[in-house]
């Protein structure tokens, strides 16, 4: 059973000066699923994310990834273990080319990143893999473009490709469709679906349309604590969720 | 042998714009030019030229300049030399090239002791002479308990050590001392320490701005009323930077002051006409040293370093500056020094009239005796 | 003399008081830096040179224009502040949108020029300036003699420091200043004349340096390089306090003065370095400084 | 043949460097090379990691003092002396770096400045540095035990070799896998962290590299002038290296060398004779002009001109 | 009423640049009093830039912008707000050195009939609860509420709102819709940049559609159903 659980939090708690933003949260994320975290504004979703990726230190509680206690590890160490986060804002290296962006991510595993005496030509052997990843997200034609010039949606796609280059076992996505036009939302949603094969994904998302399409399982947070958990049908039928999060007429929203 | 490159070239190295600019600086260049003009502008029918450079009080700059002068510009002798640190660095280069170094304004005794060389001619003064000249009479006059406020670097340490030796030899006692980092502006803590030590004389083993600031602090806290303040190295420019009330009646030692007698007045007058400012001890020394050097070149018939130095040491310098003087084998120019008192504001006839002569000190009483290791006549 | 454990309490009190005096002086200087940094995110390297100019103006005023100390205390900061405004308007503003490192380099250049001009014109030896008559004399505190003038410095600096702190932390104007630091464009879009505010604040920060210069003239030697070395110590204080923290600059300024005073008593050789050592220790424990916010 | 073609420019430069001491005073050239290397090392931090260190004088001086002291007292050959100086600077760079790379931008500049000031006072007071006097008369020694460096010309070629080595190392590290990571960090640091790079370690590594190469420059300079003094440790030296880099063009490979040549040339020109008091004013003005009008520096502007016109 | 009837905002032939890049290529639009008009378009089409250009927050501009009868092209940025205009930026612009309440009170009132603090806290109870915490410590959604509340307080009667529903939970989005309708009733003039077409469609009077820095279509409320097809191709709805 526990084999199935890739990420687990035990009584995860974070307080800020007398205010508890995350309150005894116990999450169990199953390997291979897309798990969504939703909840009203200020419920503590981003804080949970920040705790998981060490941008914040928990006040108490434990985080286990693949059975290993990672509560005390550094941010970069956690990424190296295979738990990788993508950002709410698009996070790319603007003055590198699209290909170089992906290569930076591939390069880390090469173990040559401290080698200042070698020519950067050694990185060229990463090109085929980088190109394959770009092809996956439909960016192959832009490989030599400077990232700065890409439109927003493509930057998000690039960011995803970069993240995938790390070949993470588990991805954390914080509002992946935020600020996107409808077209791009659909593209990104499809992309997430595509990469979720053989991967676990935990995402925060306000776009219920996306959540309903993608999520295998949903945890609803409210005031720092878990309100309920289940698949979309169960959760959206819960009157407490309707009241605190969806507002009364939630169904039209989803239907849209 | 004759004159190399058909001219005699003298380089003047000094701080032209920094802390010591007023002490030597462009005035030293003017003094050297004046000496050349007085000498007739030519030696052995060959022209005499002057080059000058700003060492910015940095040993690295000074030594690089001297190196370039000797390597590239064929300079035959080097004058000026203000900060001891720069002087010692310049000496290293000049000595190796066997060129005379006419040190007019630097005070370190090292030129004729630790780092002595047959090519050094240390002219106007050194700190030992100052300490002897200033401290000894005060101890004799009853100042027995001394406190030192010392600049925390080699110069200050040396000054304190020499002076403390003089004090103890003459029956006084050092009751305390404090080492103050160079460039400190606020002396209040150190003044407080001096105050609680119960000393009746407080010696300031520092120079320039450090001296000015420490004296200001002393008067602010009333230390100057409890104890006699003693400046161990005081230039006329320092005196002029201070409110006369703070420094009046301080006794100190100098190798030259312009208002001393007719000879110094006559020369100072001429210098002032040329340069616009009253000469300092260093500038007068630069003149005196240059003149002596040129005479030696003439008599030796060459500008070769060894021959000229030998001639300089064989002949006694004698002018308005160098009185009862000789250039010893170790390179020390021993001459009369003067203990003076700083005049009060109402005693001063003009801006330059700041010192009153108290006592003339014979050179061999105040300068260190020759260090046997530096007696180049025996080598 | 009575001593306890080899410590002479009378002398120690004296040193503490002296430390307090220096500390209030540091506070005044670091306050100016902290304000300018807080608002413009630039390190004003010219602050030391402007402090020097303040002292020189006081001296020039007395020497040539018959300007008494009291008037200098009022007028010189204004003149220096005005000069600062010119610097801001014509040198800093054109590069305000560039990386802040450039403005640091720019003010570094300004400092070099100012210092160079003053030593070229006035030479580098110190100029005398006496303590004004009404502040001369010493007060006997029992354990030491406190020169009245030093007491005066404490009073003036502390008043100015805390007045400024209050204005920035507790008033609406202060809220504008803090907001302007973060997003000047938006603040301006809300209807606030940010360029004017920036200019005036810079002028004020610089005027503080001018004021410190006037206060310093009677006790320190007035010379072209008087600001340069002091400035670095003041930088260290601002770093220890946490850059951009106004209260931090004041409190740290005062406490560093005291710590330095103690060092002078117990181990004078380290008095020049103690502040930097404190800085290293503080940075090891709190990288953002004592009162700074973690970024 | 291919090699010659693609390196035409470099080969011409090196050939020029080989013959130039016959026309120009070699000590001046050596000074330019030493400062050029120093500025290039500094530029590694500023131009390629985007961090302005205002305390690089510390490394120049440490290299110089250590080499100077060992050469004077331990009878080493020059190459070993220089190696020790370089290592010492690297160690110091590690210490300073661990304290400072946690901070960014101006904060970083201030922290490095204060640390180097601490070191300055240490050098001022420590007995082995001879305080104000500096270490004087440092022997140049015999390279590998048999090439006498007292001859300015052989010293020049040695300095040139050291310079080329250092310069090559900088070029290499900028264009290496490591350099690629640095570039990424400069572009977007939080993203680099999230990709699993321990950013501080990379910055620290770059800092140590830069410190070591600055030390190399300092060590070599100490041998050239046979003197090491507090000037090298003073904060104005830290400012000067910024100026050189800025004048030449930060973030360019050749900028620092050009900048060093310009600044050293100006200093040399003004140190002679009556102009000395203008030097600070001139330097300050150059700073101001560069910042206001030529932020790309000489080489940067040149590159831009070439790019726009050809 | 002014000569132009009840027109509160008119933009004509507006061009705007960021440095070298030319972003807006001649925008013409107008908003009447009491009207709610949206700017629709894809990412990067220049909607935010249009709002910023109106506030004089971009590099270079040309053309004409008339607010409340005053030509503002030559006006300094800080003068514009005082014409009665309030701007809620896309990136929210919450100040971290101010606490929530200070943030709320920061923009100077430009007219006298703004909402009171109490009314605002009633509308956004989250803000009341967190009123003493540092502005940027709020969650993303809370910051969004703060940014909007802040300009409601100033009494501005022309509002430029950039993606105010971004990152908000569905409940709050609904509530915001109600707030906007209320504001409209109070006769406020609103120019709304919105990604969420389903939010904007029912409450807006008119829509402008932007593409590549140009206005490519103007759609009246009544024509919406007729032009669905067109909107679909333009926006990918």
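Letters A, B, C, D and E mark the chains in the order given here, with residues in each chain numbered from 1 onward.
Note that in this section contacts are C-beta pairs under 8 Å (C-beta built on N, C-alpha and C of every residue); 3 or more make two chains touch, one makes a residue touch a chain.
Quick caveat: nothing in here was measured; it's all calculated off a predicted structure.
Common neighbours of subunit A and subunit D: there are none. Listed by label, the chains touching subunit A and subunit E alike form an empty list. Least step count on the touch graph, subunit A to subunit B: 2.
When chain centres are set by their Cα atoms, the one at the greatest distance from subunit D is E. Looking at C-D and B-C, the interface holding more C-beta pairs in contact is that of C-D. With centres defined as mean CA coordinates, subunit C is found 48 Å away from subunit A. Per-chain CA centroids place subunit C at a distance of 44 Å from subunit E. We define each chain's centre as the mean of its Cα atoms; on that basis subunit B and subunit D are separated by 37 Å. Mean C-alpha positions place subunit B and subunit E at a centre distance of 77 Å.
Shared interface positions of subunit C, defined as residues touching 2 or more other chains, are 119-120, 269, 272.
Under the contact definition stated at the top, not a single residue of subunit E touches 2 or more other chains. Contact annotation for chain pairs lists A-D, A-E, B-C, B-D, C-D, C-E, with touch applied as defined. If you check the complex, the residues on subunit A that touch subunit E are 16-17, 19, 39-47, 88, 151-153, 175, 178-184, 186, 206, 208, 244-247, 249-250, 253, 256.
On subunit E, the positions that touch subunit A within their shared complex are 42-44, 126, 130, 133, 137-142, 144-145, 163, 166-175, 195, 197-198, 235-237. Residues 37, 41-43, 91, 94-95, 98, 100-106, 108-117, 119-120, 232, 235-236, 238-239, 243, 269, 272-273, 276-277, 279-280, 283-284, 287, 295 of subunit C touch subunit D in their complex. Across the complex, subunit C is touched by residues 17-19, 21-22, 152, 178-181, 183-186, 188-190, 192-193, 195-196, 208-209, 212-213, 216-217, 220-222, 237-238, 240-243, 245 of subunit B. Residues of subunit D touching subunit B in their complex: 25, 27-28, 31, 121, 124-125, 130-134, 136-137, 152, 225-229, 231-232, 270-277, 279.
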